[in-house]
Amino acid sequence: MAGNVEPGTDQRRRTNDERAIPQNKHRSSFIVRPSSPILRRNIWRLLRLWKLYALLDFTFLLADLKLALTWYISDGIVNLASVTATLLLADRFAGIGAWGRYEVVFLLGYATVVSGLMNMFFGYNVLTISRRLGRGQLDHTLIQPQPIWLSLLTEGFMPFSGSPMLLPGIALLVWSASRLSLAITPGWLALLALNLAASSVVVLAFSFLWGSLAFWAPRAAEEISSSSIRLLYQLKGFPLDGLGSLLLSGMLTVLPVGFVAWYPCRALLGLDPLAWSRWITPLAALSFAIVTSWIFRKGMRYYGSTGSQRYSSLGHRG
Amino acid sequence: MTKLLHKYWKTAAMAASSYVGDSPLFLIDYLLRLLRVIVLLSIWRTILAGKGTVSGMTLDAVLTYTLVAEVFAAQLSPRTTLDEVFWNGTIVGRLLQPLGIFGQFSADMFGRWLFEFSVFSVPLLLFAPLLGVSALPAGAGAAGLFVLSLALAISVGLAIEFVFGGLLVLLQLPHWAVSQVRGAITTLLSGAIVPLALLPQGVGAAFAWMPFASMASAPLQIYTGTGEPLELLALQVGWSIVLWPLAHWLWRVSRERMVAYGG
Amino acid sequence: MEALVHNATAASDIVVELRGVCKTFRQKQRSERLRDTLRTMFRPPIREVRALQQIDLQIRRGEIVAYAGPNGAGKSTTVKLLSGMLTPDTGTVRSLGMDPVRDRVRYVGKIGVVFGQRTELWMDHPIAASFEWKRVVWDIPRPRYERMRDLVKELLGLGEFFNSLTRELSLGQKMRAELGLALLHEPELLFLDEPTIGLDVLAKRTILDFIKDLNREQRVTVMLTSHDMAELELLAGRIVMIDHGKIAFDGSFDRLRRDVSDQRRLLLETANSTPPTLGGATLMKSAASRHEYTFDATQTKIATLLEQAASQTQVLDVETHRAPIDEVIADIYRQWQR
């Protein structure tokens, strides 16, 4: 990486100015904006980094056949178990509430695809960010010469080991869509993709929002994002139509289970009377992302001032 | 004997107080669990509304079943810190303690239960009527048999925990994979979330014979008066008799590998 | 080691500058009794730890600075401030002409950090894969990367296990690989936080010799912390000692010895097993006919001691050397504790 030559006068002048400042002003600027050259290269870097982590993931699996088989079999069992209960109930009762059997399957497929995307893009405890923060592992990210968001967006990329949930989810979507006689147009597919991405953003933002608590309480909050994610995943496959309005509002705001699969599926399957319902999940994703970004930045500033008082290598790159 | 019990008690007390060592934020976990049970209750109301009695279960019975499953969630699926200890290699330190290995992990687990029971489970039981659910057992006899069944469920659950631990080491499997699979299978097959009686005919009946059903479905059926107590208790006793020797044997054969596993 | 050409921060001779830096941490206090713990769960008593108090420190380009102090003195806090992981409460931190936090992305591209108790290596991948990862993330041009990779492989002896899984390596092998990883991007400034902890003698020597060569050939500035004083004395020309967050000493090892005391050792081999009594020296140990004494060379002359010994017994052999630096430092720590 080319070094940058700084004029000595600039440095001296800056040093003199700072000597007059007793209180350190850096605390408010711990979230640094990278210098221009790096910012310009970020998209290219993103692709390069995804390629790098994909290669690491691939070689990790290939290194040990037993490990690879264990990974895929265990994920397959977990995947199957996560949808079986709801599928069996839907079969027994010919649907759940106003949702028919195949609409429930579509819902489950959508939810599984979202889980698959999370596993694929945000493995290595990136999704369960509170573990990284709580275990003091953020320092490893801070000594990398790239913006933190770029590290977090790429370090968890596991396209091979993270895909076991994605493919069955897509299969459920395709199968149920064929049984429901949906009008599959390019526009509808684009909306499906947009809503899937939006649901993924909601899950990620939610996890980071709760996970940010680990900045302030590393030990207590270490598992909090995995608890909150677990809750989302346990409830994601259920239609929520029967919930009271207060509870439903909560499921679409404070605990956005509703946006993981239920609401976007209602919109995509035409079960929601609102004309623009297909845009609500993307809008919700944007809102969550903004709020989460603000909280996370606050946490980063706090981290810059206190550091991490504990360190555990559990789950760090291995 | 008193000294031994005192050692286990101290281990349990340390585990109980570890929750409060950092910050009260961990209480949010209980809030999330409360929310989950409220959503599940609503979902059951949606599914079973107007359907009367389904496979011997009324809506009220299913709601009680769901609530009590959450109250005793930790007991119906006992988990120790075994897999974590294996992974980070600290099992060696545990083997250096003058306590039986099964005993120390169990004591640690009971300690964590003490805290959770007092902070979450008892309040949930007491405030059940506010959620429109009756938390009362099907009768005085049911209550007594439930206590016995719960003790047996814990026994079966712990035995399964140690069987999985032994398999983990013997087959040198990655602990996270085993933990995930075990959690997923237990949730589905134990009947903790969905009563086995409400699954399609044949499926529920098949699951009922497996040891996982003895962990959760059996005591919950006894509590809600929706199962034959003697049959359920007999099955639990049978699984305890089968699984504990298996657990001991697995640990004996994997002892040497144990200290090399993980970190 | 061939001289390597690369773009470096020019101009200033001072690469690290801390001015008036203070850092305080807050620790929650908990009781061992459950009753008390529950009572203080929501408002625990707080203990303030003043990790750094008005630290002023400058390091020039090409220096190797040992940063020493008892446990909890503030060493790791200083390294974290200089690595861009922490902000000071007051004061300023400048390194390589940059603010380590504000200019973090650019700054960490020019420094190397090795924490003895943490690793940047990927546990389930071979060392080669970790090196390749570094190349991409640090954006190291391939020719430069290959040159540095081959160099560190040769000098640190990584070749034999370069394609082995990190998880399967010994601690010494991991640390050598860790050091090699930290140097791949040719940092100008290297922070080593207890880099030889837990290593055997040979592994330590390999790493220390490598750091010395690096400093001599490439003028890499090194700041290292360690509890192994002998190792620090071999490597560093300057020692900065920190105690309870304040700099207690900043100078050479020779000056440290002189300022604290000039403790020496005197070994005598005599004709009989009875150790002679020497005024001005304290007998440390005596085995058969070999007797070891300690004395303060600023107070007592060797000639005087030898005269005394010779008057009491036949002296067959004499050996004298300085007190090990560990003992000098231990004396200092004891004084600070009083």
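Order of writing sets the chain letters: A, B and C. Residues in each chain are counted from 1.
Note that in this section a residue touches a chain if its C-beta (ideal position, glycine included) is under 8 Å from a C-beta of that chain, and two chains touch if they have at least 3 such contacts.
Keep in mind it's a predicted model, so treat the numbers as computed, not measured.
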*Which chain would you call central, comparing Cα centres to the global Cα centre?*
A
*What chain pair has the highest count of contacting C-beta pairs?*
A-C
*Could you give the separation in Å between the centres of subunit A and subunit C, each centre being the mean of its C-alpha atoms?*
41
_As a quick test, compute the distance in whole Å between the mean CA positions of subunit A and subunit B._
30
*Quick one: subunit B and subunit C, Cα centre-to-centre, how many Å?*
50
_Overlap residues in subunit B, where contacts from two or more other chains coincide_ = 21-22, 24
*Which bits of subunit A are touching subunit C when the two form their complex?*
1-8, 11, 15, 18-19, 21-24, 26-27, 29-30, 32, 34-35, 38, 45, 48-49, 52, 56, 59-60, 63, 139-140, 142-147, 304-307, 309, 311, 313, 317-318
*subunit B - residues contacting subunit A, complex*: 21-26, 28-29, 32-33, 35-36, 38-40, 42-43, 45-47, 49, 51, 87-88, 173-174, 177-178, 180-181, 183-185, 187-188, 193-194, 198-200, 203
*Tell me, which parts of subunit C touch subunit A in their complex?*
6-12, 17, 19-20, 25-27, 77, 80, 83-92, 94, 97-99, 101-106, 108-110, 113, 117-125, 129, 132-133, 136-140, 165-167, 185, 188
*asked:* Which stretch or stretches of subunit A touch subunit B in the complex?
replied: 67, 70-71, 74-75, 77-78, 80-82, 84-85, 88-89, 91-93, 96-97, 210, 213, 216-221, 223-224, 227-228, 231, 234-235, 238-244, 247, 250-251, 255, 257, 314
